[in-house]
Amino acid sequence: MQYVAAKTADEAVALLAGHSGTARVLAGGTDLLVQMKSGMVEPDLVVDIKRIAGMRDITPEAGGFRVGAAVSGAELGEHAGVCAMWPGVVEGFNLIGSTQVQGRATMAGNLCNASPAGDAVPSLVAAAAVARVQGPNGTRDVPIRDIPAGPGRTTLSKGEIVTSIFLPARPARAADAYLRFIPRTEMDIAVASAGVSLVLAADGTVESARVALGAVAPTVLLAEEAGKVITGTRLDDETLARMAAACEAICKPIDDKRGTIEFRTRTAGVMAKRAARIAYDRAGAKA
Amino acid sequence: MVKVLLWGTLRSAADGQAEVEVAARTFKELLDELAARYPGLEPQIKRGVSLALDGKIYREAWFTEIGPDSEVVLMPYMTGG
Amino acid sequence: MKTIQVSTTINGDPAEFICTPDETLLDVLRNRLGLTGSKEGCGTGDCGACSVTVNGRLVCSCLVLGAEAEGAEISTIEGMAEGETLHPLQRAFIEHAALQCGVCTPGILVAAKSLLEKNPDPTDEELRYWLAGNLCRCTGYDKIIRAVQVAAAEMRGA
Amino acid sequence: MALDAYQKREFKQVGTRPNRPDGVDKVTGRAMYGADATAPGMLHAKVLRSPHAHARIVAIDTSAAEALPGVKAIVTAADFGVPEDAFLLDVQDHCMAREKALYDGHAVAAVAATSLAAAKAALNLIKVDYEVLPHVTDVDEAMKPGAPVVQAGRAFENVPAGMSENVTHHCEFGHGDLDAGFAKADHIIERSFRTAATHQGYIEPNACLASVTSDGRADLWVCTQGQFFYRTLCAAILGMEASQLRVTASEIGGGFGGKTMVYMEPVALALSKKAGRPVKLVLTRDEVFRATGPTVSSSMDVKIGMTKDGRITAAQARLRYSGGAFHCGTVDFGAQAAFAAYDLEAVQTLGWNAMTNRPKESAYRAPGAPLSIYAVESVVDELCQHFGLDPLAVRLKNAADKGTKSSYGPTFDQIGLKATLEAAKAHPHYAAPLGPNQGRGLSCGFWFNFGGNTCVSLSVNTDGTVGVTEGNPDIGGSRASISLMAAEELGIPYDKIRTIVADTSSLGYNDVTDGSRVTFAVGLATIKAARDAVQKMCSRAAKIWGIDEDAVEWVDGAAVPAGPNAGKFPPMTLAEIAAVSAETGGPICGHHEVNADGAGVSFGVHLCDIEVDPETGATKVLRYTVFQDAGKAVHPSYVEGQMQGGAVQGIGWALNEEYIYGADGKLQNPGFLDYRIPVASDLPMIDTVILEIPNPGHPYGVRGVGETGIVPPLAAISNAVSRAVGVRMTELPMSPPKLLKAIEAKG
């Protein structure tokens, strides 16, 4: 195996594009090193992108924030601006692993690992965040939703890397939230999860909402119907029950050691309605 | 004579008796006598037994003296974690 | 596999080592530098026994490549006491029986120290969540939480 | 006067909380554990493991691996003999599969190479030709006629005819007329329970460093609960004489029973012998889960009859345990312990062990008892609910006491159950209010405890300090407790004593650190070794004073003239006597060797409050209190630590920990990510109440405390959860999917 700490994104792209064997990008390494330890992957080339200028920066842009691909959970969690604007994105990302893992893990890595249960992804989908992808043919912006192709697979082409994630600007009365279900309080993979981002109208009703569900399908689901159900409401119990039902209706989970189809479906709805409530209260508090 | 209480699974090897009487002054004599009188008990005795004497459990201790009125209970060999 | 030469600072002292590209920082510390205080309980970031700080960030050294340590400042359990003087956390762990077998203890101490540097007065809940990645099978965590709070109070001068 | 019998006394040091002697090493990273040792020329070993749950090994071709540069030795079962002794054969077969791979993860070959990378690469080059066989991993399935036979011809003579060949063992305990007893009951509840296998979950993976030299001598450095037993097993498997194999116990990173058995140590020795170099073998966490530990899994039926005023009239339990692919007698302990807390006229417990394609069971804290007591305490709780009776009052009404004929035969001597129950009843926790979706559970627990083979040597140094040499690895602060007892007996300060754990060549045989035996038995031997030294010191003082040695007493760390000579000479301290020991007859040492009995059974009661999220089945432990009889708490902090640690392991077992097997017979969760032991944020503080009802069989009244603490949590939590959700739970762990299903089925 060869290890290269790339100095520029161009260098990283060139290395990855030009390599014929198994190549992997190393950002936080919290998935890659585990896979290497277990023998799941034996890369011939590992390209470390943490030393590329800008990769560890969080930069204000167009009223929102651009988060470099190598920004760790701990770093994002310490950024007051992002925490205020996108609390749900931060809390989703910060739920990954332990404090120790937070010192290393990255959102881009969580996204590109393409686990249906990745905790950073539902909130990013709900936030309509956009990944900037650089490859041999240049740079393109891709909605987060379109990056994962299935468990462990992405839509990125050979040589392409995510260099940053853009969190768009928000109106004042807006907030988001993320909840996942795990059997313990920490250190587990989500059994079902939900990210909810919403904007309130001046009268305190929901003006628009995006709901995303994790761990209940091969990729994160955007629950469009659930978002519609809560739009125009104040999230009374009856609305939330309908929203949960709308979420359950689109779940296509698997049975495995972490949960049953029935359980995942049920808890996805519960997480969604609870996350919606939190986002709603947060947005209301800002108003 | 000493009365020895046998646990359930051993009783079939001792003509169905729950309690047998043997002439013994020590554990060693007791185990030898049991094995001689009831050969069906021998495999378990070889694997190991503990003995409770008046409520106190002994794992080995051949020469522990048994009084005529002592309560003697045969138990599986104890281990732990 | 071609080895890589790496220059770092470990516990305040310059350190150089060579490692293979797939070798973890934990392997380097334990096998190449003789710093066996960091323990491997899982090798997959699930137990925290190998906790160290890299440039001030708490990490599992089993999830860092040795090669990534180039130019970094690393702190391990071996650097926690100053000479003969134990860190207040170390002293509190002994005085309050916060260890039994002791194999998780180095990682927990490194992690707790890292928290108190950020937050000198954590609640029990903040402390428990911070330490959730440090498994202890012996103590049930009770005495660990108490000992960290005792040390935190002492460090605050309370 | 029997010196080993309990005598009431005022303690000066026992009962205090000094710093542990290994503390500084452990907080500075200096302590040397299993994987921390190296040796010149050391090789690294890796084990090849079966990917199949059950397969005949048709052929193994190691030639390509042997040809790999850096590979120095490869061993398979062909490198070992076939022991005649059935127990030893099982131990060896577990370390290295002989004819069949019996479970997923079973070792089939091992490689020693100059680097770990080379050893790993070599594993990939070993070709094993398997004939995959049908497998069975569930105990009830394994007992059915026609089940795949794990090993043939292994049943004991006590197994009734006509059962599946997997059933190796059967037991029955109890007394009285069950039919008559059940006829007297106002209500009878019969329920079936299941528990998953769990792992001891020690944080330090098994590790050893083996060095065999060409003259046949060998050294083994290993994390173990018992270096002497490891020596016995390794020497027998390798055909060595015990004196030629020195085993040194490293510091041990947790064991809980799981490090009482060899798993790969004989393999490391065989590799070292073959390669002619030291070999280090460290298991990965995945290997620890797949091929060491775990507990039995179980399926159980319990039937109990009760009168409406809360008296149990008859009780019966049928226990089906599986200890994996080998014979296992753990069901004996489960069957004996099941009803130990109760004074019963009619009681019967029946047990069976069935082999399954799982790793060989290893002891785990009070092996077998937590399961059967979980089932019994659940049914007792449900009967209390049925009659609307207070669960503590019902337990007190039926509690075993001095003079009770126990459910396993003997009549109890002094026991602490009633005092423990009374303490729980009087505790504010029992009366605290509960909120919605919350429930309170309680359970009794019991463990036998034992003593065993113990040898201690105590040397008085010429500077007035004392060394204690004992032979049991310190897994929870025992060196501190041993030093305290020596200090108490000698009358010198605790910090003048250093207790060390000896290797197998430096001391007589000591049984493994198990059965909660160390503070009891090693403590007893230490006290007696100290008394032996005291007698010698009194004799030296008598000679110096020119008086009869019977006229010298030991008071507060000094020889004092007594009787007719009282006051004639000033006291002579231990340091003063030691300083002139060369002049008065040579070194002064005390020794004691014993196979200790009379450990004294131990009871505990746990109280816990749980809140259940009715929408997800998530549980939260809100409050937890442990009440346990310690006989005498030598170092109360470490007694509390045992109680807290045991409780939390039990919480894990009750709520989330389990071995999950797929339809393919493979373990699905061999890692800390999906084998979910409790993390700090899952738990509240664990309150403890230590009771001290002296054990008549120990000079200081000490009872073992290490194991009882894991027994009550399973039922205490299940009872709390069942009460919180209004559904009786009968399967462990009560993971959220199971709990939510039960809640939704209730409607």
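Going in written order, the chains are labelled A, B, C and D, and every chain counts its residues from 1.
Rule of thumb we're sticking to: a contact is a pair of C-beta atoms (placed from the backbone, for glycine too) under 8 Å apart; a residue touches a chain by one contact, two chains touch by 3 or more.
Small disclaimer: the values here were computed from a predicted structure and weren't measured.
Looking at chain B and chain D, no chain is in contact with each of them. Comparing chain pairs C-D and A-D, the larger number of C-beta contacts belongs to C-D. For chain D, the chain with the farthest CA centroid is A.
Averaging Cα coordinates per chain places chain C and chain D 29 Å apart. Chain A and chain B have Cα centroids lying 67 Å from one another.
Centre-to-centre, using mean CA coordinates, chain B is 55 Å away from chain C. Per-chain CA centroids place chain A at a distance of 44 Å from chain D.
Annotation for chain D: residues 200, 256, 672-673, 678-679, 681 touch two or more other chains. Residue positions 1, 20, 43-44, 46, 129, 131-134 of chain C are each in touch with at least two other chains.
Chain contacts: chain A has residues 38, 185-187 touching two or more partner chains. Two chains count as a pair here when they touch; such pairs are A-C, A-D, B-D, C-D.
Taken in their complex, chain A has these residues touching chain D: 38, 181, 183-189, 191, 256-260, 262-263, 266-267, 270.
For chain D in complex with chain C, the residues that touch the partner chain are 17, 19-20, 22-33, 35-36, 117, 200-205, 251-256, 282, 284-285, 475-477, 635, 637-638, 640-641, 644-645, 647-649, 671-673, 677-681, 683, 685-686.
Per the touch definition, chain C reaches chain D in the complex via residues 1, 20, 30, 35-44, 46-47, 49, 76-78, 80-81, 86, 90, 93-97, 99-106, 109, 124-125, 127-129, 131-146. Looking at the complex, you find that chain A touches chain C at residues 1-3, 5, 26, 29-30, 33-34, 36-38, 46, 48, 50, 72, 74, 97-101, 103-104, 185-187.
Every residue of chain D that touches chain A in the complex is listed here, in rising order: 286, 615-618, 655-656, 660, 668-669, 672-674, 676, 678-679, 681-682, 735-737, 740-741, 744.
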